[in-house]
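Have a look at the structure below, then the notes.
The first chain written gets the first letter, and so on, giving A, B, C and D; residue counts start at 1 in each chain.
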C-alpha cells in the first residue's frame, strides 16, 4: 500500500545531506514551508544550494536557515527586501553566492526540469546583464535567450491538504512555486495543514498529482508539528 | 462590463475565414467541440489548417469538416484510427497535407505558443523519421530535438462550465488539449454545457482563466444549440 | 508651473486603460493606479504571484497571509478570480496575454528601453523579481515615474546608463510633467502639465521631443 | 514446445511491477497487464490523455464518453485519481516520473532500439500518438510482443528495419517465448518458455543471446 504520510517534519527531512540542492516553495512567506525548514536547520545539513523566489524574510523559515550559515548558494529572483537582513549581511561579506534569475525564467527553468525539457528560448532578459554570456537566438524576428532547467535533490513545499498518495491542493496565492518545484526535485516533501482521506480531494481540482510527492507531513495551522500515527514512506 | 457569452455557436464562429489555422480540442471525441465544428462547416470557411490530436472519428465533428473538404492541412499525432475513414480517403488521394507530430511534442509546442517560449529542446522523437531535418543538440549527455511553437488564429474547445469572464472548468479526460489550445490561439471559442454565474466557479479549481477565452457558447448536453439571451462579445 | 501629484499620475494612467482590459500593476507607484480605475469599467488585474481578478486591499483585520500581491501586501480576490502556479502565471505574461502593464522606472530611453531594476552601484544587492518578464510581457507597457531625479537629471534619456530591464519595450511614459509616447520617430509629447512651456520641457528632458497634434499645453 | 499465451505474458509483465509503481500501459497488448496486477500491490496507472489513477473498465451501461484511456476505451477513475491537461500529462512522461511503461513492438534491436509505430510501407497512413513520448518517458520501458512475425521472422533484430520509435530505450522484452533484458553486453535471456532449448531460441531469434545465471530453462 502506498502511504506517503510521515510522522514528523524531522522524519520528512532526515535524509537531506550536506551539499544538497533544495528547492523551497513560497513567495515571501506565503507558501513557505517554515516547519520543514526548521526541521532542516535542526537536521544540520550544510553547504546547501537553495532555490527560492526570495532570500528569506524577517526571522522565520528560510531567513533562519541563512542565519545558521547552512547555505552556500542561493538561486532566486528577488533577494533584496525590507526584511532580508540575514541574506543582506551574508551577501555583503561574500559569505553566500547569488544566482539572480528573472522570476519568470526561474519558474520556467523549474518547470522545464519537471517536464523533461532540455532547454528553452525565452524573451525575458534578452539584452540585459542577466543574460550575459548566455546563448541567444532570433526566432521569427524576436530575440530570445537560451535557458536551462533547474533541478533539485529535494523540494520542500507547503500545501493546504494532502492524501496518502501525495495528491495536493494549495491555498490562494500560497500555491506559487509549489506545483512546479514538486515536479523538479528527485524527492519532494510537502507540509500540509491537513491530511485527508484518499477520496476527499476532487480529482478535477487536484493541483499536484501524487506522483510528484514523496512524503507528506501534517502541520496544522498555527500549531508546531507533533508526532502523527501515520506510517513512514 | 465583460460578457464573453454569445448567443449561438454560429455567432461564435462567424469571423473564421478562409485560410485560418484552427485548433480543435479533443482526444477522439472526448472534448471535441462538435457543435462549434458544425457551425464552422455551416459558416463555409475553406482552406483551413487544423490542429487536433486525431483526424476525425466516424461521421461527427472534425470528420465532417474533413468530409466537406474544408481542410488543406492537418497537424496531428494519430490520424489513423478504425473510424477515420474520411481522413483516410483524402490522404490516399493526396487531397490533404499531414504534419505528423509525436503527441507530447504536439502538446508542448501548443503550450510553448501560449507561454511565449520561442523554441524548446525535447528528447521525444530524437533519431526518428519525425525529427528528420530538425536541429538537434546534446545537453548533459542526452539528445534533444529543437521544436517550435504551434500558434493558431482560432481555437475551438469544449468545457463543462464557463462564466462571463471566460473562466472554464472541464470534465474528466475531456480536458485534454482544451487548456493549452485556449492559450495558444489569438481567439479562443469555447462551447460549454452550462453557463454559470461569475461567483459559481471555485477560484482554486478554475482550469482555464478567462484571459485565454474570447467567446463562450452554451450547448447543453445532448441538445443542439439554440439562441441564448446573452450579449455578444 | 505645477506638477502632477502621484494620484493625478495614477488617475491619468487609469484613464488610458479601457473596459475589459487585463492589467498588471507593478510594485511601488503603479499600485496606486488601482485606486483610480473608473467604476464604470470592468478591468481585471493580474498579480504575478498567481492570481487573476485581484481585488482591493481587505478591511483591516481580515488580511489573509496567503492572499497577497507581488509587493507582498494583502489583497482580495474578486468573484471570477482564479489562482494558478508560477509557471502558468509567467506564461500568461510572457505569452503576451496581458493588455497592459504599468511599471515604475529609473530611466526610459528615446527608443523605449527600460531600466528599472538595478542602479548598478557596486554595493547594491540586485533584485529583479518579475520586472524583466513584465517588460516583455504585455501588449502595452506603460511606465510611471518622476520626470527628473532628485538631483534634477532627466530620467528620459538618449541611452539608459543603468542596467536594462528590457529593450524597446515601453509604449507610453507618464511623468509628473508630461505624457509621452515612444514612436518609431522618437518621443512624442501627448500631454504636458499646466504652465510648462513645451520648449522648457524639452530643455529639462534633454532629448529631442515631438509635439503631438492634439497635445494639451496650457501656456506656451 | 509451448508458447506463453497473451494472458501469461501479461501476468509475467505484471509480476515485475512492484507495489507503489506509477505505470503507463500502452494501447493494444499491454492493456491486458492491468487485469493481472497483483491485488496486494497498489499500482497507479497513468493514461496519456490526462488521468493518473485509472481504474478498470466500467460496468456495462455506466460508460462515460468523457472518461477514456489512450486507446479511447471507457475506463474508471479510482479514489485518489487526478485529471490534468495534455501538456501536464506529457510533462509527467517526458520528465521521467513514471516508473514503468509497457509498450507493444514491431521490432526491438539488440541495443534496445524500439520500432512500434510505423511499418514504413508506402501506402500506410502513419500515426504515432504518444509512442515516442512513452519510449523515452519512463524509468523502465518494457516491450511486450510476439517473438516472431506471422512469417516466422524474429522481431528481435540486430538493427530495426522499421522506422524507429526511440533509440536505446528498451529495458526488458517480454515475448511469447522468453523474457530478455537489454544490457550493455547485449541481450540476456532471463526466462524461456517450457520445452524450448536455449540454442533453439538463439537460432529462432537470429541474434546473439546471453543466458542469465538464474534463467529458467526446462529442457536443454
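Criterion: a residue touches a chain if its C-beta (ideal position, glycine included) is under 8 Å from a C-beta of that chain, and two chains touch if they have at least 3 such contacts.
Note that this is a predicted model, so its numbers are computed, not measured.
Shared contact partners of subunit B and subunit D, listed by label: A.
Subunit B and subunit C have centres, each the mean of its CA atoms, that are 35 Å apart. Chain centres here are Cα averages; for subunit A and subunit B they lie 33 Å apart. Centroid to centroid, with C-alpha atoms defining each point, subunit C and subunit D lie 56 Å apart.
For subunit B, residues touching at least two other chains, in rising order: 108, 111, 115-117, 122-123, 170-172, 204, 207. Each of the following residues of subunit D touches two or more other chains: 77, 83-84, 87, 90-91, 93-94, 137.
Inter-chain contacts, as defined above, occur between A-B, A-C, A-D, B-C, B-D. Those residues of subunit C lying in contact with subunit B across their complex are 19-20, 22, 42, 44, 46, 52-53, 77, 79-84, 87, 90-98, 136-137. Per the touch definition, subunit B reaches subunit D in the complex via residues 27-31, 53, 77-81, 84, 87-88, 91-92, 98, 100-108, 110-111, 122-130, 143, 170-180, 207. Put simply, subunit D touches subunit B in their complex at residues 47-51, 64-68, 72, 77, 83-87, 89-91, 93-94, 118, 123-133, 136-137, 163-167. If you check the complex, the residues on subunit B that touch subunit A are 108, 112, 115-123, 137, 139-140, 142, 144, 148, 169-172, 202, 204-205, 207. Of all residues in subunit B, those touching subunit C in their complex are 1-2, 111, 113-117, 163-165, 167, 183, 198-199, 201, 203-204, 206, 209-212.
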